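Shared between the two complexes below is subunit A, which pairs with subunit B and subunit C, respectively.
This part shows the complex of A and B:
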């Protein structure tokens, strides 16, 4: 387990920034009540075997007692670094992203299953969409009952979405909670 | 537990109590921790008392105290270095009384009339620069004087190398070589003595070979390996990271790093937000220019000094207010 160096931190923050915007500050600076300490520590990011974890400081201190080979996971895993050195967010970061998301999309009940199988979101499945989305922004996908289902990248801005035909892709799928069943080994 | 037998070693900032005993066996771990902390605080108090009793000098950051030399003798990690036996030249120079003189890096070259290096690329007495060698009466007719000079130089260099090895062997006999040379020299037999050369152990050899292999810019990762050679112990370069779990008194370098990255990211992506700092400086510059023009016209300076400050505050709020209201207006239009 080690801290992230500056390049790695910029990569991680940039990916999260696409989804949260300025709420990134809340993520980094929120007080954590994870451990048994009376005072809340801060959350920090740690790297273990190419996975980035979002952990409270008190847990990190206790986790230093576990050896590197033996440590499996700590806190929440938010993403992985690929062999090529780029950072990808995994589905386990959904909790943090959904709480601080700037751009949201709600799906109709009919197209929820399609998204959960890994397909992209089509215009026909779109229930509601927040304003001022630019193409290339990160978007968190919710069901109509406000359950976060996953996240992806918006292909068009909000205005253009209205003019699309019903089979046009609105959100490119990046991660969904169905992955917990399909890709249990990879996570 | 007040015992009077506390030894305070200020040189090492150390205090210990050799006669400490726990008066009662503690029932739980927390109690034990408490008692140990209590005893620890007493000892730290003793150190602090003695520290503040030392004479102090005033400094910008606070009183500075010079610590006395340490009392506790800590053992040496490695053995004392053994003195090297003098080399053949050193013994000769001592006998003859020859003293070392410092040599200049550049020397005056008579032939070209410039300052040239004493050795290296463009040096003073280079063999290649000599155009003509005059024949002496002692020379044979068929001999090439340039080749002779080269051969002489080669002999001199070889002789010097042999002398250097002999000096190393002498030092190895005594045991005063640096460790890696000692290792290489152990395999060589020492002529004239009956001591058999020590066998190199596998670990020692492996260590030295590993150190040598990894002493490249990329940590020995891309070098061609011999048959059967194992990978170096530390494959990558050594990188430095911030501490994983910071201690209580070490400050927060990680926090600084994350804040720096965060601010960079936020400022890079906030095109639409009014840069208040920039606006203020622009406004101040404008006011100063106007102020200078006014000074040129009228002689009164005090009243004009007072007025702009009051105006700046009012105008800034107006500016902020106007921009804010503009944003609201446009936003409401869009959503409709």
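This part shows the complex of A and C:
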């Protein structure tokens, strides 16, 4: 387990920024109540075996006891670095993203299952959408009952979405909670 | 609904209207029979016939249901009539959702309904003027006046193109309106049971017979018979179900005119083919023979015959009963154990399962009242032996397991337990309080079509699932981490552990993570959890579950549980949960292979491992922690060796004591069992059984660490002072344990270890309170004298030598 270096940190923050915008500050600076210490510490990012973890400081300190081979997971995994060196966010980061998301999309009940199978979000399945979405922004997908289902990249701005035909793709799928069942081994 | 046009034939139309006319003051119900056909591009419903059903019941559902059930047409469209001549019609269609929904209501029937024959209205007027509607008969009419019981003739046909369909209404009395057309597709009609006692008029019969032209001779005979039996009709009405049913059930009531005649006739002739016709032809003919018109006939002969028949039947029944009783008595009084010959015979062929089961029950019965019921010359042991064999072969257990179970439970409970193992326990799920509440989750799941209930009063987060329309492990709520599928017994150790916020907790065998996530939920994501799992392939599911449920305070590591104290440091955590790997004898209902695969060596190996793990667990806990200092040990096994024996061992090895688990249901653990004698505080542990608590077999014990010392001689007797010396200071306890796995199990083995530690304690580098250690030693006797010291040293050396040789020998 080690801290992220400059390059890696920028990559991670960039990806998160797409989804959260200025709320990134919240993520980095929120107090952490984990750990047995009475005062809340801060959160930090650690890298272990190509996976990036978002974990409170007190946990990190105590996790140093655990050997590198034996440490499997700390706190929350938010993503991993591919062999080519790029960073991808995984579905386990949904909790953090959903809490701080700038751009949100709500799906109709009929198209929930389709998204959970890994398909993109079509215009016909769209219930609500926040304003001021630009193409290429990160979007968190919710169900109508405000359950976060996953996240993706927006293809069109909010205005353009309105003009789309019902089969047009609105959000490109990146990760969804169905992956916990489909791809448990790859997480 | 698609726009449908309805074309109604003259027959049906007129019957319909006249029926309504007859009962001007009541709501009338009937069935229209027809078919849907497509021609000229539009869908048309052609209504062939109508069956007037009731006029006296507004609450038509039961009767309607019966009649509809019998109608063998899946796609049934029913136009049920409302009151008045101008029907306010409601169309009910049966679609696949099996609910009757009103498809449309037509204010004026004529707008959708078209009569095929335009002359219908004219004929109708004619009939009305001639008051023909008096003659319409429906199913309820017999209630008004018994002599009027010429109900509709509905008769089920095995489709035979030769046979003609019958109509709905008694043709004799009614309007044989219109000519009977042979419809292109045969319609099926059904006998309405018990609704009518359709009786045919003799004149009609004759008429029909005449028409057909070939009255079979037997029929005439029947006619006579039937006429005589006509008064039986009354009997039938009031007679016992059993009799009348058989008579009445497949009553073949006549239908109108020609059809009826030919029907009956053909029915009669084909009684061989038509299974329904059968004997009931007699009965049917019965009714037919006796018409309403012919009320007085000679009853006594028929009655006598009937009585004779009844008596005979009753006699036969009695005889049968008596015989059965006799047989049962014979068997039960003379239950005896099978002799060797019988056993041999039985072994040659395939096992006779019902016989074995019967024998099991018999033996249990005998054993429960042994003095009275036992067979001469046999002992209890013989019965038990036979019982063991039978249970093993019937349920598929191996000898060892059955032997163990027999030792633990009395026969009646034993059978209950084994039966309970055959069935699965109900599926439970646990609400994730980090994300939702049980009430909300239950609502959402019920909306999805899951049939569930709160688990019990001892759990605020549990739900039990009875059945579900959607896969319960794949709902969006599951994927969002709102609940976890977990068996009810797995709630118990975490409830016993009761972790507080901001504590440090270790879960030593955490996969797949149900208990770990429960701990995190109870701690509300504060504090810290170390989730350890030894097997790498189970780690994936553990991490996945942790992330799915939104647990953020956990560190997952991959160690052997015995090494954990070294990694985390001794005396460093507040609570430890050890859900030890075990033989799995409590979860046989989930895994049947346990029945045959476990042997005494397996159990001993498990017990050995568990003892090591529990010592490691105890060593990790800090006795001086502010809020903690607890260890919970649980297994999913019912073996005493894996449960009470392990706890007893821990009590002797470390300074811990048992505290109440906080689970007030559940049986207390054993204090003594066969040759074992355990510490009396073991009654604070809890055992759970499938046949008592309806959850998997489980054992839970909660220990509190009193101090951080590793005591050596707390409970050993003074005589052991000179026994086997220890090998080396620090790891003596552990090494000896590892070197002698099989001796651990027995009392003797542990005594030796105690002796070892006592001496090894002198050299122990463990943090000790020297005062208390000395005090303990002095308790037993004086300071060992010089000779004693030298003697012990000699023995130590000898022992070392022996150990070396024995190890070499082993390898």
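To be clear about the criterion, the second predicted complex is superposed on the first by the 187 of 187 C-alpha atoms of A that agree within 3 Å, B and C clash if a C-alpha of one lies under 4 Å from a C-alpha of the other, contacts with A are read in each partner's own complex, and residues count from 1 in each chain.
Keep in mind that, in the parts below, a contact is a pair of C-beta atoms (placed from the backbone, for glycine too) under 8 Å apart; a residue touches a chain by one contact, two chains touch by 3 or more.
All of these numbers come straight from a predicted model, not from anything done at the bench.
Once the two complexes are overlaid on the shared chain, A:14 sits against subunit B while remaining clear of subunit C. In the superposition on chain A, contact of A:146 is made with neither subunit B nor subunit C. After overlaying the two complexes on the shared chain, residue contacts for A:1 are found with subunit B alone; subunit C is out of touch.
In the overlay built on the shared chain, the residue A:112 is in contact with subunit C alone; subunit B does not reach it. Within the superposed three-chain model, A:39 lies out of touch with both subunit B and subunit C [touch as defined at top].
Of the two partners subunit B and subunit C, it is C that touches the larger number of subunit A residues. Of the two partner chains, neither subunit B nor subunit C is touched by A:165.
By the touch criterion stated above, subunit B contacts subunit A in their complex at residues 239, 241-245, 254-255, 257-258, 260-262, 264-266, 269-270, 334-335. Of all the residues in subunit A, the ones that touch subunit B in their complex are 1-3, 5-6, 9-10, 13-14, 17, 21-22, 24-25, 28, 42, 44-46, 57, 60-61, 64, 131. Those residues of subunit A that touch subunit C in the complex are listed here as 33-38, 55-56, 58-59, 62-63, 65-67, 69-77, 91-92, 95, 112-113, 116, 143, 145, 147-149, 177-178, 180-181, 184-185, 187. On the side of subunit C, the complex with subunit A involves touching residues 444, 473-474, 476-477, 479-481, 502-504, 525-528, 539-544, 546-548, 550, 552-559, 567-569, 574.
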